[in-house]
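Here the chain labels run A, B, C, D, E and F in written order, and each chain numbers its own residues starting at 1.
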Amino acid sequence: MRILLINPNTTAAVTEQAAAHVRRLIPGEIVPVTGRFGARYIASRAAAAIAGHAALDALAANVAGCDAVYLACFGDPGLLALKEVSPVPVVGMAEGALHLACTRGRRIGIVTGGVLWKPMLAEFVAMLGLSERLAAIRTVAPTGGEIARDPDAALGRLAAACRDCAEIDGADVVVLGGAALAGLAERVQPQVPVPVICSVEAGARAVVAAAGLAGARPALPATESVGLSEELARMLSAGG
Amino acid sequence: MRILLINPNTTAAVTEQAAAHVRRLIPGEIVPVTGRFGARYIASRAAAAIAGHAALDALAANVAGCDAVYLACFGDPGLLALKEVSPVPVVGMAEGALHLACTRGRRIGIVTGGVLWKPMLAEFVAMLGLSERLAAIRTVAPTGGEIARDPDAALGRLAAACRDCAEIDGADVVVLGGAALAGLAERVQPQVPVPVICSVEAGARAVVAAAGLAGARPALPATESVGLSEELARMLSAGG
Amino acid sequence: MRILLINPNTTAAVTEQAAAHVRRLIPGEIVPVTGRFGARYIASRAAAAIAGHAALDALAANVAGCDAVYLACFGDPGLLALKEVSPVPVVGMAEGALHLACTRGRRIGIVTGGVLWKPMLAEFVAMLGLSERLAAIRTVAPTGGEIARDPDAALGRLAAACRDCAEIDGADVVVLGGAALAGLAERVQPQVPVPVICSVEAGARAVVAAAGLAGARPALPATESVGLSEELARMLSAGG
Amino acid sequence: MRILLINPNTTAAVTEQAAAHVRRLIPGEIVPVTGRFGARYIASRAAAAIAGHAALDALAANVAGCDAVYLACFGDPGLLALKEVSPVPVVGMAEGALHLACTRGRRIGIVTGGVLWKPMLAEFVAMLGLSERLAAIRTVAPTGGEIARDPDAALGRLAAACRDCAEIDGADVVVLGGAALAGLAERVQPQVPVPVICSVEAGARAVVAAAGLAGARPALPATESVGLSEELARMLSAGG
Amino acid sequence: MRILLINPNTTAAVTEQAAAHVRRLIPGEIVPVTGRFGARYIASRAAAAIAGHAALDALAANVAGCDAVYLACFGDPGLLALKEVSPVPVVGMAEGALHLACTRGRRIGIVTGGVLWKPMLAEFVAMLGLSERLAAIRTVAPTGGEIARDPDAALGRLAAACRDCAEIDGADVVVLGGAALAGLAERVQPQVPVPVICSVEAGARAVVAAAGLAGARPALPATESVGLSEELARMLSAGG
Amino acid sequence: MRILLINPNTTAAVTEQAAAHVRRLIPGEIVPVTGRFGARYIASRAAAAIAGHAALDALAANVAGCDAVYLACFGDPGLLALKEVSPVPVVGMAEGALHLACTRGRRIGIVTGGVLWKPMLAEFVAMLGLSERLAAIRTVAPTGGEIARDPDAALGRLAAACRDCAEIDGADVVVLGGAALAGLAERVQPQVPVPVICSVEAGARAVVAAAGLAGARPALPATESVGLSEELARMLSAGG
């Protein structure tokens, strides 16, 4: 299985870190790709809106020959648009991790970096229809970008937030979300009384599970456009 | 009052049509602007995702000197991102029209062109938290772009859909949605037993009402980016 | 535009205060009217139930010649009944202010005077279908009537409640509700980190926005009654 | 047990009919009282709003010496206001019948007379928090008043509506609602494949069940008023 | 009226205690029966799942000649299965008590013994469709079994939990749940500022109210089985 | 990976059929086990309640040495109880299939055999918190048991129900549910315009995805019992 891993921000080091983490866990081939434009790190609604476009652009340019797409940003910018146009299954990191977490616990906690993510993720969870399963979303001040550069400095705060999800909010499982946080779940786990799930790993496992299911996407009308990358314009104008 | 009217698709004729309609109804000055890239007409999730970026780009390039922003596409691509970064109040066409319609009827029907809009609008209404007020969304096959080119051909279908919202779905008010449908509500009204609201007009009235309220947006962190227009990159990097 | 401003309590001073505040903000003519029977100040369910009748009575006696009705009591007693029988659009103070506040923030806080209002307003917000947008309702002990008599004594408590809505409950906009609190929002604002909206002003702006939309109310059956004011009995028996 | 049965409309014949039906089923003493003002039959929001006031007035004038109050109008005008001020437990006809029906079936159908009742009852069910249990509300054209005058003429339509609740809407129990419909459930039952519950009976049984439970209402502030009946003004001013 | 009181745990002393309490309050004949297998006290999901089977077994062996069934375990294991197969009405203790409590207060608190009950009861309340009416569920550490053996030791903690439901969670009525807690409500009441309802009593009152309503259960297919008690196997194979 | 596949009904042929289907798709070792008591086929609430006990019994007797548990009955009787006591992850067939289906489509249709399953599955979906994602549940008259004995006779009806989910209810993916329907999805697919997912396969893929995630279940109190199988009694009394 060949999985296109799209990091829709524009920092290649995050792409590589996530891809390396996934490769350790998943047998298939991982094809990593980084957004061609947009924010260095996605930590606001504006950055996420631009990333939706960048993820489409990355899909159009790289999906040929892949069996599935992993939208590897926790918050999944552009997720439904990618599912609409992609010729192969697409699963987002938050989408996959949260659905999988639902099989592990009744009430899900989410912890990530960057305070502006809290309302964005609450809306994303609502869009998934999973709000009833949500115990709490807790964010720490350092953004994913800052955590990527110095994970050790953020570990204590992340662990405390995970613990608060369990002890104050009643979560019985916590998803530690963010491409830049790949691998931190196991370091945080000893300080948290409920399972802590790595979103990068869980999302990847969900991609593998979903990719095997049969069934094509619905047909699309051809869409004319201006000012887009050649690959994206072609994908939109093709329709079908 | 100076209102920036952003049409986030890339068809200037639609922008002009909406601006002309608004000018007939609203006393202030209307500054119309068209998206610099993206779909000619927005009728899919991919086109809407790209339009969110285009709307941000249009805001960054044109908001200086304006008192309010009217995101004049029914479906409001990028709405929350624009609200996040804009120095002045932003109201979307669907957002404003739906909240105003709620003061007119208990159960709201929505009719627009383009069948792919139905689930997108259902999610938008849910994001607004107004799903309980929604009687039904009905779409007709011609897209907004096609209706703009030949409105007379679509009138009968639009009227029938509005009537079905009232008679089958129990709507007591119907919003006829779409920048390209500006002015059609009054032509459809005689065939519909409940009030039909023009989204272009209602959205504009909501902009005027909201613009007068005091209060600034929260401060934002500076965001570094690559590959964006100079104006948008500058707006993101400014933060504040 | 001629707006009938109905204060459904029986204290003319509150009517005048609200009317004066609205006249400063809205260009049209304001026709103020006070309830002919019921509580001096509405601060309980029983008082609100009686006020629904009084508001209908005031409408029947005064609506002739008006273009719109502003039900100027935060909590909107009798709102749906007035909409049902009124020949012109009716908007309630809480209804209008809350829908407008939704365009300004994602999560709405409400602050008002009188502890019995909290559950009543929670039910009203649910009736509007806006519960998902509600961050919190906080009340201070002095009722609207007490605040009207000595606003300075209540300012600190109102500001603290608004601040708690923002800092504890996560509201990003707060509606300061109550006819008797007209004009206090701007005095409270400096102590609150998110926008504070005056319900009297916002409701009035919503009346103006809604009044312009076309469309008549549905026909009504004639209703026979006993023991009502002549005007109300005539309005009910007319039906149509 | 002495039960005050309040009919908040102004037709004494309906009061007597409901009281007679209840007396056949319930061992205690029934004290029937009719509204002193308002609509002859309640079949609109305006009539219901006035009836809330009339029910409070009837309570104030007649509750002394009673052990419980049965608000015997399906739709329960003024229910929460009566509970607020009454010294003894109050149960509404729709409230009691619906909660009891929930123990009999999973999905509840409601059938009543008067088409304007449909949205009013939907809102009432939502206010009770029972919307998830509601299969459908179906109304027949004749109002309760018309059915009271000629029940035989309406039987066929009521039976058909009950049957549709079961066969089309999936109800597994149907509440036949309305004081004026007392005793019709057993006549309709043979034509309906699921249990049909008489709201007058079920509400009365719920009054008896609830009345036995201990516990006082919370204290109330004294409320000054003008223009009300002497008894109601005294009840409001007493507070406590 | 002859009421089969099923205690689905396997401790006869609890059955007797609940039956004795009910007999003091309800005029009819109480036929108590204890589960033939399963946990001594039900304080986990596994114990509750087994108790659902045991309650069916008890029903099959004892329902003949009874007019109604009282499933006398707060949490109501197997409730819907019993309703499905029983020839006479079945009401559960939590089901009946909660619906009756809804007529007494707007927001219901629940207090019981055994910390594992909290999520189980939250799911049960959601299954009833009453989540909107729920203020909070609070559990104390001693399980029902432990409270039954030494009620005095638990009284203080139960009272504190009830008080917290009122003062922190905003409950205006509290249900003290559990067969083993029969009679403790009145002892706890003096320390709680809102009414405290005994679930054993309230459930029994709901059984009496519901039992009088007419209407049969739907027909069932015959079901073949292996390894069940003779009575249960016969009931399942009979169908009809 | 060693997966315990529990069929909680008492028909070994269904167990073998499901196990064989899973073995074709999943690399690990499948350990199939059949319920020791209960209905031959589960097609009612009573049968499902008994099956919850039987599944616990099967778990206790067979989980030693396994890495994960697949509760292989669509409707997942006893699911939360198994998760509570199992030393290794447990995923139910409906649970796993529905969460995975959510990554493939926005609105999920469910088709299965046996008309009594419809309300049971609706409640199960609500318990998962996925009701917003549900387009419809459609059942065909033949039960799973009947379909297992003669699948060809049911194929047409299953295909029609799947098609109706798509064309009438708006599902964009359909889960064909039931252990006895293993392998029918691909036969039905050609007649359905949206993807049809085999619940046996999808559930198994979800088991594999979930099994890899780290984290232990919370500790449990020891529970004394009577009349249970030796293995189950020992598991309950062990606690820990």
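By definition in this document, contacts are C-beta pairs under 8 Å (C-beta built on N, C-alpha and C of every residue); 3 or more make two chains touch, one makes a residue touch a chain.
For clarity, every value in this text was computed on a predicted model and none was experimentally measured.
The fewest steps needed to get from chain C to chain D, moving only between touching chains, is 1. In the contact between chain D and chain E, the residue numbers used by both copies make up over half of all numbers at that interface. Between chain B and chain F the centroid-to-centroid distance comes to 44 Å (mean Cα coordinates, whole Å). Centre-to-centre, using mean CA coordinates, chain A is 28 Å away from chain F. Taken residue by residue, chain E touches two or more other chains at 80, 106, whereas all remaining positions touch fewer. Residue ranges on chain D touching chain C, taken from their complex, read 10, 36-41, 43-50, 52-53, 56, 78, 80-81, 83-85, 116, 123, 126-127, 143, 220-221, 223-228, 232, 236.
Those residues of chain C that touch chain B in the complex are listed here as 25, 80, 89, 91, 95-96, 99-100, 102-104, 106, 128-133, 172-173, 185-186, 189, 194-197, 201-202, 205-206, 208-210, 212-216, 218.
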